[in-house]
Amino acid sequence: MTSVLVRDVSLNFGTVEVLKALNLDVPEGEFLVLLGPSGCGKSTLLNCIAGLLDVSAGQIFIKNKNVTWEEPKDRGIGMVFQSYALYPQMTVKGNLSFGLKNAGVAKDEIEKRIARTSEILQIGPLLERKPSQLSGGQRQRVAIGRALVRDVDVFLFDEPLSNLDAKLRSELRVEIKRLHQRLANTMIYVTHDQIEAMTLADRIAVMKGGVIQQLDAPQAIYNRPVNRFVAGFLGSPAMNFLDGELAAGPSFKIGATAVPLARYTFDGSASRIGPAVLGIRPEHIAFGDAAKASPFSQQVEVELVEPMGSDTLVWTRLGSQNLSFRVEAEKPLTVGDKVLIGFDPARASIFDSTAGNRI
Amino acid sequence: MSAATRPSKLFKNLNAKIASIPMILTALCVFVGGTTWTVVYSFTDSKLLPRLRFVGIEQYERLWASQRWIVSIENLAIYGILSLVFSLVIGFLLAALLDQKIRFEDTFRTIFLYPFALSFIVTGLVWQWILNPQFGVQGIVRGLGWESFSFDPLYNADIVIYGIMIAGLWQGTGLVMCLMLAGLRGIDEDIWKAARVDGIPMWKTYLFIVIPMMRPVFITTLVIIASGIVKLYDLVVAQTGGGPGNASEVPAKYVYEFMFRAQNLGQGFAASTMMLLTVAIIVVPWAYLEFGRRR
Amino acid sequence: MSNPATLAATVAGADAIAAELGGPSGPRPRVTFSRRNIILYGTLIFAAIYYLIPLYVMVVTSLKGMPEIRLGNIFSPPIEITFEPWVKAWATACTGLNCDGLSRGFWNSVRITVPSVVLSIAIASVNGYALANWRFKGADLFFTILIFGAFIPYQVMIYPIVIMLREIGLYGSLTGLVIVHSIFGMPILTLLFRNYFSSLPEELFKAARVDGAGFWGIYLRIMLPMSLPIFVVAVILQVTGIWNDFLFGVVYTRPDTYPMTVQLNNIVNSTQGVKEYNVNMAATIITGLVPLAIYFISGKLFVRGIAAGAVKG
């Protein structure tokens, strides 16, 4: 059942098109992440869903109700902000109850909801404190609590973890995931952090320039990016892009080297010929004995070694183009070593060299 | 710099010290020295020229026995309290209105602020003319047929200070509005969004969330207006000259009259010391709160 | 550019629901003359009129002849426009023995304002620079005294300064007044420059020191070129402040060196002769013209200047 439905929504600020006739359908209970670089329109879209921004065209439905003209408070949403946006002069309890009091919720009902929320988020001991007396993580928990007490169907998160340090961020990430498992509400989560997106999402919508580029499960997006932008945006270390030519066979020619593409599934049937870009993730490149078994392998020279702790990133060249691959941390590779690398073309992505679309 | 003989501490950073000489002289000679000098001489019976013949608190006794001083203190209190309240309220309201994403915001702001660029003398003279009983507001209303209408604050000893206040507010509220607007703009946009999602009406958001958040702005503004109010002088000179009679006398003018006209320096010093005391009562607690807490 | 397969599936589902629901679409309808807008703009326009009336009255009165003023309404526009009051205010209005109008005061004010602005800004900018980048022991103490000094009523300090100026023979001269303005401009300007220089990246200062530049070298070659905006703010602040000053002018100058504000007050509030309201108002506008011109030209920088002035302490 559809929980949030965005239909042909456009938003213009003056002559600038921030959202372009955008469609999005979020089923009940889904955790959807809107991912993209800053300025891609992801926060704008979230604000439109919340009713904090007026759309220029199109409709928004929440729970099958047209809410395009509704005030945020009437949309059945709760929202968590990047800067927490707690009311600084009120206690935690005051923050949780202020909206409910205004909505005319009965006193004992408010108490009940606060008790439940503070139990879920473990903020019971903090109820009498002011936001200034809380740590960043505690503040964000209270901010989530303020959305929770509203007892709504849809939660909107606007980069809620960006203001926290790396350690706290990963802790709260897990907590948000647990929260979703426990409540099973629809959650729409905006972030520019691909790890947050990959770990939290049921589905990710990758956005750029006010348009959704790809909407799919995290693994599908990771493995079969629809275009070069999505391929480059997800994954760290980043995907290798090799310029070359598609030739009959089919094969992909990088200078004198030819990569056989027999195992590659082309989008559509038309096998093309001409310039293209081959993308292959560093962890999909095999090395040493494993490479021998790959459909494509090649002798290369190690140029640079970047140990990263859990594994090591090795830089080399294929033809004249830079290429990186990942090896286990224990492998003793040094600059100048000649090694054999290889990969399975089935795991590669081939893009149109001008438009950047997947071929 | 040679390593063998380390230069004496005094010459370290010498250029910075030379550059700071005007500041050091001002701080020590004028601000500390001048203030101390005046306070000390307020306990003497200096007349035409300052002289060190101490008479204890006699000048202060005479000061507080003087009807003219009492009037000026009363005037300052009325003017001070009312213009504080009005300028804060009006300034905040105007700022809140301007903050509603309105059209022509710059035009409105320019209009509300331009009087602040004008001197108190110009302000006082314009309002003296507008409040002129014969040709000004009173004359016009009477001309419309309401013969008994009476509004002549500058010629009525009972309400003259309110006439000055109208002019003072006209000149100064723009500044308050500007400070308040800066304060409002400093409030996190997300707070407004959160309040909207929570369904809190706008006036409640202002009253219970935004204004409490702006407490530092309010306090700073308060101190700025208050320390300006104590200095109130030019406006009175231009608008009423202290009249009718002495009805619109204020402390700063009292000081000037006794120092430079009545040739009774001791009285002037005592009165100015009282002014200093008033400012200290406002500034010291504020400075303590503002800077004491930060440390 | 989106994945056709996935999107097609979701949109198909969406269409089914939308077909059932329909309803509002696009932006919320806006009423131009909603009650909120009427109250909002009504209040603002009302307030704007209140703020503009004195300016209007000044201009209108200054363009009328005396007979027309005596007839009655200060708000009515002039029937017959005359520039006679302006000429008289500028060139022939009398204060005491002098009958050469405001022009004398105007030039006095120029002679006071220009050197005061230059001197006070020169002192305060070097001062602020020393405080921001070359802190020496005790500097903060003097600075604190200076800031508190900004709150001390001038009346407490005017007489000691009279004595000091008399001792060095400058009492009553324009030079003396210039010194006084530089002294009292120091707290706020020093704060302004100190805060500005502190906000510049420290690496810049360090890099210059490593390159061998000294106190004055860094100030002149690195800091000055980077601080044009703050100098403009300081100039605005000082020109309006000094031009509008009355107290110091009246205390530290003699009738022939009176600045414009003092002379204006003497013209308008003189007890001799018939009151010429049109000349008075023309004189008032002329005196207000300089700060008004600065205000309207500088726009946002003026606001920045007073905001900077407001954070003193």
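The letters A, B and C name the chains in turn, as written, and every chain counts its residues from 1.
The definition used in the following text is that a residue touches a chain if its C-beta (ideal position, glycine included) is under 8 Å from a C-beta of that chain, and two chains touch if they have at least 3 such contacts.
Bear in mind the structure is a predicted one, so any value in this text is a computation, not a measurement.
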| item | value |
| --- | --- |
| Selected interface, A-C versus B-C, where C-beta contact pairs are more numerous | B-C |
| Chain closest to the middle [Cα centroid of all protein chains] | C |
| Most distant chain from chain B by Cα centroid | A |
| Approximate Å spacing (C-alpha centroids) for the pair chain A, chain B | 56 |
| Chain centre separation in whole Å, for chain C relative to chain B (CA means) | 16 |
| Distance between the centres, which are taken as Cα means, of chain C and chain A, whole angstrom | 51 |
| Contact footprint of chain C on chain B as seen in their complex | 12-13, 15-17, 19-20, 22-24, 26-35, 37-39, 50, 93-94, 97-98, 100, 102, 106, 108-123, 125-130, 132, 135-136, 139-140, 143, 170, 174-175, 178-179, 182, 220-221, 223-224, 227, 230-231, 233-234, 237-238, 241, 251-252, 255-256, 259-260, 265, 268-269, 271-273, 275-276, 279, 283, 286-287, 290 |
| For the chain B and chain A complex, residues of the former touching the latter | 188, 190-191, 193-201, 204, 208-209, 212-213 |
| Chain B partner contacts - residues on chain C that touch it in the complex | 40-41, 43-44, 47-48, 50-55, 57-58, 61, 69-70, 72-75, 123, 126-127, 129-131, 134-136, 139, 142-143, 145-146, 148-149, 151-161, 163-164, 182-183, 186, 190, 214-216, 240, 243-247, 250-251, 261, 264-265, 268-269, 277, 280-281, 284, 287-288, 291-292, 294-296, 299, 302-303, 306-307, 310-313 |
| Residue numbers on chain A that touch chain B, as the complex places them | 47, 50-52, 71-74, 77-79, 81-90, 98-99, 102-103, 146, 150, 158 |
| Chain A contact footprint on chain C (complex, rising order) | 1-3, 6-7, 10-11, 13-14, 17-18, 20-29 |
